[in-house]
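What follows is a pair of complexes built around chain A, which joins chain B in one and chain C in the other.
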Partner chain A sequence: MSAMVDTAPAHPVAPARDEGRASAPWALAAPALMLFLGVLVIPLAMTVLLSFHDWGQYKGIEPVLILKNWHEIATDPYYLEMFGRTFRIALLTTLITAVLGAPEAYILNRMAGPWKSFFLLVILGPLLISVVARTLGWALLFGGNNGLVNKLLMSLGLIDAPLPFMFTETGVVVALAHVMMPFMVLSVWAALQRLDPQIENAATSLGAGSFTIMRRIIMPQIMPGVLAGAIIVFSLSASAFATPAIIGGRRLKVAATLAYDEFLNTLNWPLGAAVAVLLLVALVLIVVGSNALIERRYAEVFR
Partner chain B sequence: MRRNGPLALTFHAIFVIVMLAPIAVVCLVAFTPEGYLSLPTNGFSLRWFRAIANYPEFVRAFWVSLGLGALSSLMALLFAIPAALAIARYKFRGRDTLAALFQSPLMIPHVVLGIAFLRFFTAIGMGGTFGALLVAHVIVVFPFALRLTLAAATGMDRSVEMAAISLGAGGWTLFRRVTLPLILPGVVSGWALAFIQSFDDLTMTVFLATPGTETLPVRMFLYIQDNIDPLVTSVSACVIAITMAALVLLDRFYGLDRVLAGKSDTGR
Partner chain C sequence: MSFLELDRVGKRFGPTTVVDDFSLVVRKGEFISFLGPSGCGKTTTLQMIAGFLDPSRGAIRLEGKDLTAVPPAKRGLGIVFQSYALFPHLTAAENVAFGLEMRRVPRAERGERVRATLAMVGLEGFEERYPRRMSGGQQQRVALARALVIRPSVLLLDEPLSNLDAKLREEMQIELRQIQRNLGTTTILVTHDQSEAMSLSDRIVVMSQGRIEQIGTPQETYERPATTFVSQFLGKTNDFAAEIDRGTAPARLIAGSWSAPAPPGVAGPVTISVRPERIGFGEAGLTAAVVTRIFQGNHWLFQCDSECGPAIVIRQNDGTPQPAEGEAVRLTWRTEDMSLRARGSV
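What follows is the complex of A and B.
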């Protein structure tokens, strides 16, 4: 391409843009890079540092390097329980979205053109609607012992007495599964787009029944999509704030709501920073680890 | 391809109803004529929409959100367009690292970002200002602005640029008259998606907002923490309507499926 520019007429031509000056891309990316180094990397480093600082009710934050906060998190069973709850909620949410979202994506994919795009929009649209509004909807549906969800479940004969949804883990998981569902449907949907429908027809012509096709043809091929979706849903659920705060209330703390409390109510910033850093590190390890596992297991699919 | 059976369609119907139920119930309750939370069984009323006007905090928060969304997504684009051109057109050492850094706000939990920004801006004496909120939002919406701009820049037909160069256009003229118009659909969609992200963000903003700079989601969240009444449902209904409007804009310019498909790997 550079040769083409070089042969252009005598004008002072712009330098060949592809393999030209090595500094050109850096000059273009410099403003954004500066922004990210200055206002993202430095604040994150400061937060890690903050988690090693001391704090007292009256003395405030003391810029020393001690392990007090980390020691407290490691030894106080309250934090073990809280992180246990956080990851339990995230895991259950991930399971629900996988079990319900994957079949729905498959059904969507088999629909005729216009219906397909219409329902895809209906299911994915909520992704862009405020999480506060969506969670508020669940708070209204749960609403005490005579909420709509309980009325419906009782009239269907599924339960005898109203279930408590507000301020329970059950309620948080249900609402969170709804919030995260579009990510799973989308991920499985993307995997289905790579699937060749002729394979299914070939299996049918060779005498495979629908169960066999499902188990031997469809499942192995959409599994990478389900797992990729699961990673997204898990990491977003484990760090979710609005839904656990509104449905879970003040007593049912997860990592994000606890860090919020430490920062804006107790004002123990170093401890809040430690909780947040631990959450970040745990999530990065889980995400990177499972990505590596998936890529090794499904190397042939990603190639 | 085989058709869906009745069992599959029943599952699908229940699935769609459950997905829409919480959003529908918010919008329905917003129209209640009663003074308490209830479905509008005795006719529809706009009293709770009118009530918003008597609650200046919500009105003020709405304008903060609107200004913040519009400004931060615009600023993010000013940084993202040259960065996208660099990544799309050049092969250079550190390119993948740079792209990963620019996508990193998607991977970092927003609660961690909120804490980091609160710590940083307090330390440099900008705590609680609109400027701090603006810069934080630029970072958070940057990946969305970059992604769609990058897609447009990668898919662009370079021969038009070559023609312009051979006719003597260079530098700024080339960018303004040729490159920018060609990537404009991606840029506008990037702006709209970034706007929605900024407009909806709660988790990061809740750490930075002070009574003067509360955004609408923050105001709604703090209101819900105290009590839930029909007022917050009518505010939510307005938010849903605004998001829908931005969605229509996105669909017109870019195709919603492409935008949403781009959103699929948000958590990575």
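What follows is the complex of A and C.
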């Protein structure tokens, strides 16, 4: 569309031919647009509409337009706490993946040939396994008295009671960080690929030590990669379902698990829709906002 | 007076020897070029001087002190990399200032020196530009300024001009030479471009397969190549097989029907090497026939078939009539214009 607008003034003559051509992009894009409309826009619009409907234990869903659900979310502190928890978990997960993932990618990048491919496989391997299986692994290690690690530590006498992991925020964050790590490592890895291989030698020859090189030369250059990874990890963590559902369970609800429960257990679809829409809007705002900030910060240097 | 000294330096990667028995004495203020084909070990040698690689054997000394014991960050050498390796997240001025910051030069002096050095390489007004927003030639200048601003004891340049187009390269060569003359910085340039090495250096180190073939001034290496490799690598040349005839009273040097009094001190079968522009057509000399004649504006290029094998002759286009294709000619040259080496030596 923008191409059409841009070229129109450039060709003031032969409008007939231009008109014929102008419709071509629309015709060509039609199949994709239909799909986009059918599977994304329409369901989304219906969900938004649903969030304004009424619901009662006995009357079910009433197709009216009221602000009841939104009012409930805005006034009941339960929702504030729940959304607070969701974004706290997402933020902590993002921090952990950044702090661990960036050095991981750097070390990986410096490894010699065969080791590099091996460890890359180790890091990316989990992507091939279902999130459920990976999360259940954590539950097996730390789940209550029967968790493998807890059993070991208790029999060694290092701890008296099992480490609290299941149904705790810490547990959810740790398991999510594990699940999300590949996205951060890949993102930083891509940034490292763009680094000049001689750049560290150049800094060394100017008298910089390895700590200074890391802080002044490497870090600023891979920062866009870290931030891009952070956006991916943050939005995936905030909307994650499987891991919070298994580790957090019913006691520790986040936005995704709450929406799920409203839809399938309470059957209060309108409230569930309101929670889902709010999560979506918040995420879009956060992602678009931080992306704009990053673009502005790095436009000068990397474009 | 030796300033930088490489003493029988060698480098092996596993079983392969990449640099072998490399000895060189560089004087203060000298401009040295390492010249050789791709993969002959030029970069490796330079990286050993810089300290990014440890020599497998031998010693490197700067002003008599062992350099191999000094970590690369403390050597105080200025290096320009082939890819420039500028810091893309810093402006031109910040790039140049980096080395001074590391040396804890006070801010005011730092600013002054950065400005002066950028001006010296012709980049006034580019202080706030980021490298991505500069042309290849400008980036090249920033890299040079960044290396020079720390007042390095030795400037190391690894094919710094190879990414530039021919015209810009020529300009930068002249500029580089002028800057080096003005500052008097001892400089080592790595290149595989023989004309670059010739026009810039005080002395050229011609390398092949990790070994030094010849060290000499550009004129020496061109006119008195020590080996066949050097004569072939530095421009076109003619090699003729020749014998020494001791039967006559003053011994004579004979190649086909060309002959001259033998210079003292040579014996046995030898190879005569003559540059194409030093051969003339005469009454006597090597019998040959012109195969092709090519007009190239300011000169003629003749490919001849002589009794000692193919020969190339270049004649100035000075208006005199030149032999035609197929014509029989005699090739002759002055003994000062040829170089001799024992045949069999490579």
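FYI, the second predicted complex is superposed on the first by the 253 of 303 C-alpha atoms of A that agree within 3 Å, B and C clash if a C-alpha of one lies under 4 Å from a C-alpha of the other, contacts with A are read in each partner's own complex, and residues count from 1 in each chain.
Criterion: a residue touches a chain if its C-beta (ideal position, glycine included) is under 8 Å from a C-beta of that chain, and two chains touch if they have at least 3 such contacts.
All values derive from a computational prediction rather than experimental measurement.
Superimposing the complexes on chain A yields a three-chain arrangement in which chain B and chain C fit side by side.
In the superposition on chain A, A:Trp70 contacts neither chain B nor chain C. Once chain A of one complex is fitted onto chain A of the other, the partner contacts of A:Pro43 are limited to chain B, with no touch recorded for chain C. Judged by the touch definition given at the top, the superposed model places A:Phe167 against neither chain B nor chain C.
Judged by the touch definition given at the top, the superposed model places A:Ile129 against chain B, while chain C stays out of reach. Touch criterion met: A:Ala202 reaches chain C, while chain B stays clear of it.
Once chain A of one complex is fitted onto chain A of the other, the partner contacts of A:Pro220 are limited to chain C, with no touch recorded for chain B. More residues of chain A lie in touch with B than with the remaining chain of the pair chain B and chain C. Between chain B and chain C the least C-alpha distance in the superposed model amounts to 9 Å.
Residue overlap on chain A between the chain B contacts of one complex and the chain C contacts of the other covers 197, 201, 204.
Of all the residues in chain A, the ones that touch chain B in their complex are 1, 4-5, 8-9, 11-14, 17-19, 22, 24-26, 28-29, 31-33, 35-36, 39-40, 42-44, 46-47, 50, 100, 103-104, 107-108, 110-111, 117, 119-141, 143, 148, 175, 178, 181-183, 186-187, 190, 197, 200-201, 204, 210, 228, 231-236, 238-242, 245-246, 255-256, 259-260, 263-264, 269, 272-273, 276-277, 279-280, 283-284, 287, 291.
Residues 1-4, 8-9, 11-12, 15-16, 18-26, 29, 37, 78-80, 82-83, 85-87, 89-92, 95, 98, 101-102, 104-105, 107-112, 115-120, 123, 135-136, 138-139, 142, 158, 162, 165-166, 168, 170-171, 174, 196, 199-200, 202-203, 206-207, 217, 220-221, 224-225, 228, 232-233, 236, 239-240, 243, 246-247, 256-257, 260-261, 263-268 of chain B are the ones touching chain A in the complex.
Residues of chain C that touch chain A in their complex: 50-52, 72-79, 81-89, 98-99, 102-103, 130, 132, 146-147, 150. On the chain A side of its complex with chain C, the touching residues are 196-199, 201-209, 212, 216-217, 220-221, 300-303.
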